[in-house]
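Several structures are given next for inspection.
In what follows, chain A forms one complex with chain B and a second complex with chain C.
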Partner chain A sequence: MLRFLFILCTTPIFATTYHVSNSSNYNSIQQTINLSKDGDTILVEAGIYKEKNLVVNKEIILKGIQHPTLDGEGKYEIISVRANHVTIDGFKIINSGIGTLDDPAGIKIYNNRNVSIINNILESTFFGIYTQNGINCIIKNNQLKSFATEEQQIGNGIHCWKCDSMQIIGNNIQGHRDGIYFEFVTNSVIWRNISTNNIRYGLHFMFSNNDSYITNVFRNNGAGVAVMFTHGVKMFNNLFEENWGDAAYGLLLKEISDSYLVGNQFIRNTSGIFMEGVSRVQMERNLFQNNGWAMKIQANCMDIAVTKNNFLSNTFDVGTNGSLVLNTFNFNYWDKYEGYDLNKDKLGDIPYRPVSLFSMILEKMPPAMMLFRSFMVTILDKTEKIIPSITPENLVDNSPLMKALPL
Partner chain B sequence: MKKIIKFVVIDILRNKIVLVYTLFLLITSLSVFNLEDNTSKGLLSLLNLILFIVPLVSIIFSTIYIYNSSEFIELLVSQPLERKNIWLSLFFGLAGSMVLAFFIGAGIPILIYEASSTGIMMLIIGCIITIIFVAIAFLTTVNTRDKAKGIGTAILLWLYFALLFDGLVLFILFQFSDYPLEKVVVFISALNPIDLGRILILLRLDVSALMGYTGAVFKDFFGTNLGFIVAFSP
Partner chain C sequence: MSSIILLIVSSFIFTSCSTQPKPIKLGISQCDYCKMTISDARFPAEIITQKGKIFMFDDIHCVLGYVKENSNAKNEIKDIYLTDYNGNHAFIKASEAHLVKSEELRSPMGGNIAAFSNVDDMNTTMEKFKGESINWNELFQ
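Now for the complex of A and B:
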């Protein structure tokens, strides 16, 4: 017991705090790191530091005061973390090298655990914050901004490969290839990030099971958000907005299973959600507004339950490519619903068919878009609604809501 | 020539039908803008109205008007006037008053609620569609002296442009769906002023991104100034 107390009291005494500034004796961060021991703190004063490749190979806290600038001069990877329990806090990291062979990043974490990257500003980096084989790392409140023009000449904002228990919180990512990229990352959480104006995807993940995505904003990315080959995805309260273009989707789901999409908002996208090979997914309390297609469900999806969602002023509510329907739609509000409610149970008495004839025709023949909003097409749509022949008969909401849900 | 145009315009104004048409357009477009919560949606509703009502009224009213003024035309022919001049001044008088009616009826609400480039574009398209359909009415009246036949032809032509044409296009698209039709569709759409007007407006609105590859071809063509000129030249 005494010995335990002794350890408890003495460890902080041995930890040293170093001050690095351009004017003092300690004017190189790298040399100071080499001098330090595990558990030390290094405070870096404001200024511009050209340290080439800064290697953090001890368990230290590296903290910037008023965002000192680390300049990679367009040649180097700026910070390489090669130890556990490292904290990097409050730096401005600019101009990393560019290279597709070794993928230089603003900050790269190599096979470590419990690393925290907090409050940094990254500008014009190739990759922003790159983690490989990281466990239980925190990437929090960083601002990442790059000025990419072509997909080949830029890396991802926050890139995680083969990680576990990551926390990506409150970051703001702009102008990278993919805002946030996950591959083989499990049991992680992505919370309150804003990913905008990236050239490819706002969020891109594959083979990353059991992750949660909560209250993020994905806006105006080249192709929206893509989610592939994963099970156990939980997406709550995210905003998918302004993803326009022929191949852009608010959210692209491909080969996803056993997942939840609850309380998300899809606003002004070409397609709100595009689903292919998706199974056993619950979609509840989402808002689809002003999209071209609110939802495109390919015929190879099954057991998707679309319940209690609002569909407001979308050009087309649901699009599909075949007649097989293995999904259920219930208790949704569709603003195009023209039915009535005689028994006043707030549910429409006649079923609603969200797939219009014209959207089926378009799926087969895109040039038919020329007839969009033509009177002829309106007549055909109305007839089809009464006697369905081309549109899938089972794709129907049997109990549509009369009033929009308060979402 | 100016005198004849003046006669025609005064005659049409005395007729009162054009005034009713103006009032109808004014009321519907005002109500459309007031009912819809955002103006671009109102613009879309108004688009359907313009593409449907305006050609109908223009073509039928003009046909009947010309048939009814055959005595007046005969009188003019007996005077030392060039026939071309008579015909042109009749056309300008009719088209001018119809355009004026449209401009007051639909143009003023558009300018009040949505004076954007899209709104102005819609205004121009409405005027041009009016002129085109007055011209078609002139063509039908020239071809037949029989009043019933002429008016019937005019109604059929309107039906063809407003409804049948789209059905035919859909039919052609289905029949030749194995071929790349994007460019052909651009050409076909140029054959119908109503379709052309609709596409030009839709490309201005946000839905253009919906249109996929065909939309891109359209935009490439009609979005450029050259395409614009081509679209308006017929």
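Now for the complex of A and C:
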């Protein structure tokens, strides 16, 4: 027992703290790492360090004081983490190598668990923070900025591949291919990140089950956000804004099932949400404002419940490509609703049909957009509202709200 | 005046459907199967139909998925083009391409198949990625 206590008390005492700075004896981070043991701390003073590829292969804390710069000189992967329980905190990491075969990154985590990447600034990196086969890693409060153009190859900001229990929190990502990319990542959370001006997607999910993304901002990305081939996704309180273009969607959902979409805002997108092959999804308390289409639901979707959402100032509320409707709309507020409420139960007495005739025509023939807001189109739309023939009969909100919800 | 007529006439003649693959604009063109924006120059493919309509894909996985889901698509196909994994990523006919399948290729949709116009390129890549050589006709069946 005494011996056990002795071990318990003494272990931390042996941990050493090293100071690395350009002017002292310890002026190479790599050499200091090689000297260190598991549990040690290495503090790096401000300055510029050109260490080529820095390999962290011990369980250590690597902490920068006033953001020392690690320069990859456009040739190297800057930090390679090859141990568990590593913390990398407070560095400025610039100019990683560029390559299509080995995907160089600012920081890459190779098959490790419990790694923390905190408070770093990454600039002009090919991939930003890349994790493969990581478990229980934290990527928090990092600033990533790259300068991608459409023609050139570029990697993703925060890229996770085959990971589990990841926490991506409070990062700011700009100018990458996809801001945050998840492929085969499970049980993870993406919280309070801001992903803007990336050339493809702000967030890109594929084959990543049971993840949540909460209170993130996705603005002005090439094609919005894509969540594909996944089940059990929780999407709460995110903002999808300013995603314009023929192939751009605020949120693209493809082959998604058993998921929740609650409290999100879709503002000024060509299409707020585009859904294809989606089933068993609850959509509640979302706001759709100033979109071209608030929502496009392809006919191969089923069991989507659209309840208590606000639809304000959208050119078209709902678009679809077929007459089969297996989804339900209830208790939504539609600003285009022209019905009345005689029994004062705050619900409209006549149903609302969110799909207009003209949006059905546009689905088949996009150039017909030229005729939008013409006299004939308005008459056709009105006639269709009274005697539905082309629009799907079952796509209807039987209890539309008279007043917008306070969202 | 005659030049205007020529312009009008020629515009009718030359808008006939193309049978050549159309260059893919990275970051702009959209995959006709998975709806993703195509951004990786190494893996795209195109289907050209008998009528000259062109469908673009970001991965061979999407070509196969598209053909599988659209049962009459297969009969209407004139040509399928893949892109060369190496060099300037030129289009090559699928039937003439040398294909390698390897998990380590990490293509956009997990098809993980790369196409090559010549056998030497294929062999060097196959050594690097520990892949296996596959045959287009077997894949497409």
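Heads up, the rule we're going with is that the second predicted complex is superposed on the first by the 402 of 407 C-alpha atoms of A that agree within 3 Å, B and C clash if a C-alpha of one lies under 4 Å from a C-alpha of the other, contacts with A are read in each partner's own complex, and residues count from 1 in each chain.
Note that in this section a contact is a pair of C-beta atoms (placed from the backbone, for glycine too) under 8 Å apart; a residue touches a chain by one contact, two chains touch by 3 or more.
Owing to the predicted nature of the structure, the values given are computational and were not obtained by experimental measurement.
With chain A as the common reference for superposition, the partners chain B and chain C occupy compatible, non-clashing space. Applying the stated contact rule after C-alpha superposition, one finds that A:276 touches chain C and leaves chain B untouched. Contacts of A:66 after superposition on the shared chain: neither chain B nor chain C is touched. Residue contacts after overlaying the shared chain place A:252 against chain C, while chain B stays out of touching range. Contact with neither chain B nor chain C is seen for A:17 once the two complexes are overlaid on the shared chain.
Of the two partner chains, neither chain B nor chain C is touched by A:25.
Closest C-alpha contact of chain B with chain C, superposed model: 9 Å.
Overlap of the chain B and chain C interfaces on chain A comprises residues 246.
Against chain C, in their complex, chain A makes its touches with residues 100-101, 150-151, 153, 161, 177, 183, 199-201, 206-207, 222-223, 226, 228, 246-247, 252, 254, 274, 276.
Residues of chain C touching chain A in their complex: 25-30, 34-37, 39-42, 106, 109-110, 128.
Across the interface of their complex, chain B is touched by residues 244-246, 268, 270, 292-293, 313, 315, 361, 364-377 of chain A. By the touch criterion given at the top, residues 41, 44, 47-48, 51-52, 162-163, 166-167, 169-170, 173-174, 177, 181-182, 184-185, 188-189, 195, 198-199, 202, 206-207, 209-216, 218 of chain B touch chain A in their complex.
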